[in-house]
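So that you can tell them apart, the chains are marked A, B, C and D in the order they are listed, and the count of residues begins at 1 in each.
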Amino acid sequence: MIEVLYFAWVREGVGKAQERVDPPAEVKTVSDLIDWLRHEVLADKAKLRAAIDQRFVPLDAPITGAREVAIFPPVTGG
Amino acid sequence: MIEVLYFAWVREGVGKAQERVDPPAEVKTVSDLIDWLRHEVLADKAKLRAAIDQRFVPLDAPITGAREVAIFPPVTGG
Amino acid sequence: MIRVLVSETPIDVAAELEALEASGGGAVATFTGLVRADDGVGELLLEHYPGATEAALEKLAAEAVERWKLVGAAIVHRVGAMTPGERIVFVGTCAPHRSAALEACSFLIDRLKTDAPFWKRETRGGDASWVVERASDHAAAEKWR
Amino acid sequence: MIRVLVSETPIDVAAELEALEASGGGAVATFTGLVRADDGVGELLLEHYPGATEAALEKLAAEAVERWKLVGAAIVHRVGAMTPGERIVFVGTCAPHRSAALEACSFLIDRLKTDAPFWKRETRGGDASWVVERASDHAAAEKWR
């Protein structure tokens, strides 16, 4: 089971801040997970960033063993 | 008449913060003025800086028309 | 001294400054970012990734302390709703010498803009929009790599 | 807003910061210099050239405002006797963008060290000595020419 978190307009588009999912074995990377989730707001991956267990990762990072995957827009703080 | 001001260890060495002087016509520059004043603490000119009417100047600056000449060590503020 | 705080409470810069001054160096540099009042924004909302944010800021502060031999580093970031003129972010550094404090302060704010999971949403006359990332922020962060 | 103050009164950084924040930009940078507590100094005396000092600081602040398009610049310098931990100098800048505020703040403190008529006398265990100028201060000031 993976806890998926969403932030900012990704969260608004998905309609929830988090969900618990259990993807099949062929879902190997964050990018695979995004496809598998089938949320319309996640269609343009160039606009997405991700973290696995609270560490920033590229979208092709493997999710093997991940407990928490966060999907969000580029950051704009400070 | 020129008001001569001294600061920091120059002031301590001269023994006063200011004096009013009337140098002869051959005293043309700040450097000439320093020689003419004959204060022992002013012997090493490499350690001295000056201002004429509150503007920093090199020691070879002419003192023609000056009302106030300040002689002091390199600054060390901030 | 490393201090990291992410909070909905207004930032008390006087208290932050005093803590930095007490950390033992003779040079203190700070940067404060305010919600701009001049471009029609009525409200700013700051969202963040709890846990990951604090970890990112701690890492950044530790990197600055190590690289510039700081005796103190503080990063305080406001989250939640705020209005024009309010402080969004405060970063401060304390070092024995001024160049270290000033450079590390620039480093912290430049890298914070790209390395910490915050998102700004601006509301102008009832319309809310998420702020888009700026290429200039990435350029500023890159110069410290 | 340009503010220059040379005074024997302790520097109120909170008040100075608030004035800068109110000057209209979204980015505020500051530098504060403290009397070092760590090298045996018991008392620091700051002497200056009244009139010339204020003129030099005004000129420096105006140059920074012009060069970095600041909306605010403040230089506050303590004179007279002070003890370790006390603030000697505060410089602050406010601009629409952070790089302008940060660079101008570095400029102000670097140039103040060489361009304004202040002299420091340190007292250590009863022995007073005037501080000698530092070549590194001149190098730092030169990089802004």
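One rule holds for everything that comes next: contacts are C-beta pairs under 8 Å (C-beta built on N, C-alpha and C of every residue); 3 or more make two chains touch, one makes a residue touch a chain.
All values derive from a computational prediction rather than experimental measurement.
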- Item | Minimum number of chain-to-chain contact steps, subunit B to subunit C | 2
- Query: If you average the Cα atoms of subunit A and of subunit B to get two centres, how far apart are those centres in Å?
  - Reply: 73
- Taking each chain's centre as the mean of its CA atoms, subunit C sits from subunit D at a distance in Å of 23
- Centroid spacing, where centroids are CA-atom means, of subunit A and subunit D in whole angstrom: 49
- Touching two or more other chains in subunit C are residues 33, 109
- What are the touching chain pairs in this one? A-C, B-D, C-D
- Touch list for subunit B against partner subunit D, complex: 5, 7-9, 11, 51, 54-56, 70, 72-78
- The answer for subunit D against subunit B in the complex is residues 33, 46-49, 51-52, 55, 77, 88-89, 109, 112-121, 130-134
- Would you tell me which residues of subunit D are touching subunit C in their complex? 13-14, 17, 21, 24-38, 85, 87, 96, 98-99, 101-102, 105-106, 109-110, 140
